[in-house]
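Order of writing sets the labels: A, B, C and D. Residues in every chain begin at 1.
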Amino acid sequence: MNREMVGITVVSRDRKGIVATITNFVFTRGGNIENMNQNVVQGLFGMYVEASFQNLNIDSFDADLHQIATEEELDVNIYHTSSTQKNIAVLVTKERHCLDAILDAAATDGLHGKIAIVIGTQSTLQPHAEKAGIPFFVIPERDQGKAESQILALCKQYKVDLIVLARYMRILTPNLVWRYPRRIINIHPSLLPAFPGAYAYQQAFERGTKIVGVTSHYVTENLDQGPIILQESFHVDPTDTLDSIKARGQRLEAQTLTNAVKLHLNNSLEVHWRKVHIKKE
Amino acid sequence: MNREMVGITVVSRDRKGIVATITNFVFTRGGNIENMNQNVVQGLFGMYVEASFQNLNIDSFDADLHQIATEEELDVNIYHTSSTQKNIAVLVTKERHCLDAILDAAATDGLHGKIAIVIGTQSTLQPHAEKAGIPFFVIPERDQGKAESQILALCKQYKVDLIVLARYMRILTPNLVWRYPRRIINIHPSLLPAFPGAYAYQQAFERGTKIVGVTSHYVTENLDQGPIILQESFHVDPTDTLDSIKARGQRLEAQTLTNAVKLHLNNSLEVHWRKVHIKKE
Amino acid sequence: MNREMVGITVVSRDRKGIVATITNFVFTRGGNIENMNQNVVQGLFGMYVEASFQNLNIDSFDADLHQIATEEELDVNIYHTSSTQKNIAVLVTKERHCLDAILDAAATDGLHGKIAIVIGTQSTLQPHAEKAGIPFFVIPERDQGKAESQILALCKQYKVDLIVLARYMRILTPNLVWRYPRRIINIHPSLLPAFPGAYAYQQAFERGTKIVGVTSHYVTENLDQGPIILQESFHVDPTDTLDSIKARGQRLEAQTLTNAVKLHLNNSLEVHWRKVHIKKE
Amino acid sequence: MNREMVGITVVSRDRKGIVATITNFVFTRGGNIENMNQNVVQGLFGMYVEASFQNLNIDSFDADLHQIATEEELDVNIYHTSSTQKNIAVLVTKERHCLDAILDAAATDGLHGKIAIVIGTQSTLQPHAEKAGIPFFVIPERDQGKAESQILALCKQYKVDLIVLARYMRILTPNLVWRYPRRIINIHPSLLPAFPGAYAYQQAFERGTKIVGVTSHYVTENLDQGPIILQESFHVDPTDTLDSIKARGQRLEAQTLTNAVKLHLNNSLEVHWRKVHIKKE
């Protein structure tokens, strides 16, 4: 008796009745709600429902839900978990080490997924993507809302399942994060929760910590607070400078991000609340 | 077409399937889920569902849900919003000013509610309650979990609708907080979010703030983070000392807590996410 | 027996011996050290010494100290407190309300000081300064270190005693802050320590606080942490929107910043550690 | 031309003139001030001066300074750095692992110091000290100020040079901390700055971190913020529970604290601002 899991994300302006509308629909189709959360940030409402179904007619389910979405002016995405190859979008700015590691893993067939596109806030890393035969899109737009509209459009066009932030230097807004629940992986250059924010190596160096590390994690609407997938670290030597610490850290970033992405694509990760459990093969 | 609102709280050890069990029950009884949230803290699961029903047979609803709760080993409370007089439990430690103000308001018939019991971590304020003819219970138990079991038992016995923390000096655990969603009001001696914690006046004085204030708020499982109901403040004079600031603050605490309780009992408060809207009379 | 107060600031790369050099000099000239602090941020050393002297020959003191500074490669500024009219530099970005209030106060002779220059990160407010007959300099440089070099040069040229940040939207680095100890006044749109940072009104609105306010304070190298001079606040109405809160807040900002500047110029403020005492007239 | 280092700590009620008094004394005796800091916490003033001298007559210096201290009602301690064996006080509560490791190191002559006394907030670990032939004192006093008076008296009596906090569960006040600048070493069960406070393992476990660690550091008046000496860590296994994490952590605590104490006693540690440099042998 296999139940199929479906993920539904809803984003809309905040008003009453949305929860009832969506949950009623799920139940009338015989779904069990396994997990649900909602939040409002600056008047924007986001909701995620994970439901399990038996004998689901995917096409009519999707069509009917989208019909309701149109009538109710809700922005609804439906995600059916399947075992087909996953499409990946990698978001970058200018640091190359993480992108290169992921491109290498893809080239050597080490990823159970296909890198569909690379999106950069600038064109610096375009040659890297092109050399690997992957479309590169520059979205230099400074307004993050507008930039994300373009990113979402591309992700829709290329049927992206997983977004990988490879030292992408912007902060994603809830509007994008809510649409890819547990499907955005970031690498942060510290051992979270220490040193969140943009100056992690510098702050760790100033604080005089003797262990420095990196964290790969799923992205939620709370910056650097999502479930932690993997962490790696190294001891600071007396001869280390801020530059040598960054260099050592970057090697770990590339490694740790790639490994987290592999585990996700292998369906080895189970997230329960804020904790990630790595299933044995 | 009046729909009746029902609040269901569930507390249990964390396991799968609880959300589905409860939401399925609500839907099979014709309920619309208006609001839902869940959280896990240290392996303890808490869930709150607000659902609206038409033509609800309260007795059979409650009986059936409690039956399921027993079978599934869930600790379930059902709260039917009604307009009957509300029973209030006031929790205290040793400061008298807030308790006295609430007792006065009750005596002069200024509260649309009845103070059913006063519970103290010590017996200091017992005379105050007894003089007002209200049962006073001392729960000196140091272990907060055990203390809360006793508090919950008393609140159940006296059919308490609202818990008022009148300078009660312990930190409530999620196990109690989750059972009274939006039905626990606290007074904190600062203008939150500044100076959370136990030394608010002292910290404000040390920081050299020129405005000091108090905050009445609903209690959630995150300390001092619940929706703010009312805030009041005063300017610090050059001649103020820490003691004079505390004295001025305490008068405001008594006033602000009592006003917040009155607004709640008059059904004047509407909570949407983290913001409290005060409805005009 | 009147002792004259002298303030000495030293900024240099971090190395040993600086404290000894400066304090020895002060003592050989008969100075009493009343107050002293040092700090290092990212390899840059800053030190401030307040010393009192009797019968000080200002010219030879300054010349000899600058001689030592040159030999030791230290960046030294000497500030002699006097009662002559103070020169003020006002730093702005694009919001006009605070600048206008200060210009008005200066025009009506309400400031015991002269606004020597206005410096903007953009040219938006240039007409306001020019209309008042005050030189306006645009420093649009994005690199804050380079921008501050230009600011410091102008402040030196115009013999600036007090820097007023009138909704200036950059964060000053220690390199500038250390050179004007207790001589930089900022206005922050919240009741500090609540809501530090760039989105104060928005965060207060999201948090649902019922009291919103502003804080004028001396600037130190720790953002929004300096000694508080004045605070003012207002109650949030049910009908308030984020925009109406900003509008109400801005009127208070203009008022509170101007009043803080007046108190400073009148020598009415006494700072002891982190607390500001307002002396009665 | 060897200069001798002297450390002077002053604690008194906050008033003007203390800095001048002490620094003048240092200079009239030919001292160079190498380092100085002062702070006020809740009306209590603390100051530390590190000065270097040539040809210092220690006895007359100390006698004269204590004379001034008496006249000015200042609580002054003078610390002359020397190479004689250091006396150590170990402060404990009930956890045994750190105390045992330090006692072992002392027994095997692995410490360049002598454990003079062990002080416990309770008597639990008394047998451990007595078995090693070391005096054990119970100071169960709940009022931390009174407890610290007793601790300071014992440290004075036993001429203690270094205080080691071996899972001592109280928070030291500035009154004690200021008297042993860079001479109090603590072990904290997390990788600071992550998870400061009393529930580090539990919070790390709840947060789902994949790396857990410990930090040995010098104690300052800011809780868990002092210069970091050593850090060690381990990866969390999928099979780890909170208890297994604590067990693994405790072994690291014992090791890391003992190593930090050894480095300190070997004069291998150089503290510059907030960073600790480990000198090679």
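Definition applied: a contact is a pair of C-beta atoms (placed from the backbone, for glycine too) under 8 Å apart; a residue touches a chain by one contact, two chains touch by 3 or more.
Note that this is a predicted model, so its numbers are computed, not measured.
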Practice prompt. Check B-C against A-C and say which one is joined by more contacting C-beta pairs.
Written response: B-C
Item to complete: Would you mind working out whether subunit A and subunit D touch using mostly the same residue numbers, over half shared, or mostly different ones?
Response: same
Discussion item. So the centre of each chain is just the mean of its C-alpha atoms; given that, what is the distance between subunit A and subunit C in Å?
Written reply: 43
Worksheet item: Can you list the residues of subunit A that touch 2 or more other chains?
Response: 206
Worksheet item: What part of subunit C is in contact with subunit D in the complex they form?
Response: 14, 16-17, 19-20, 23-24, 27, 32-38, 40, 52, 273
Worksheet item: Which positions of subunit C touch subunit A when the two form their complex?
Response: 41-42, 202, 206
Worksheet item: Across the complex, what residues on subunit D touch subunit A?
Response: 191-195, 206-211, 213, 215, 227-233, 235, 238, 274-278, 280
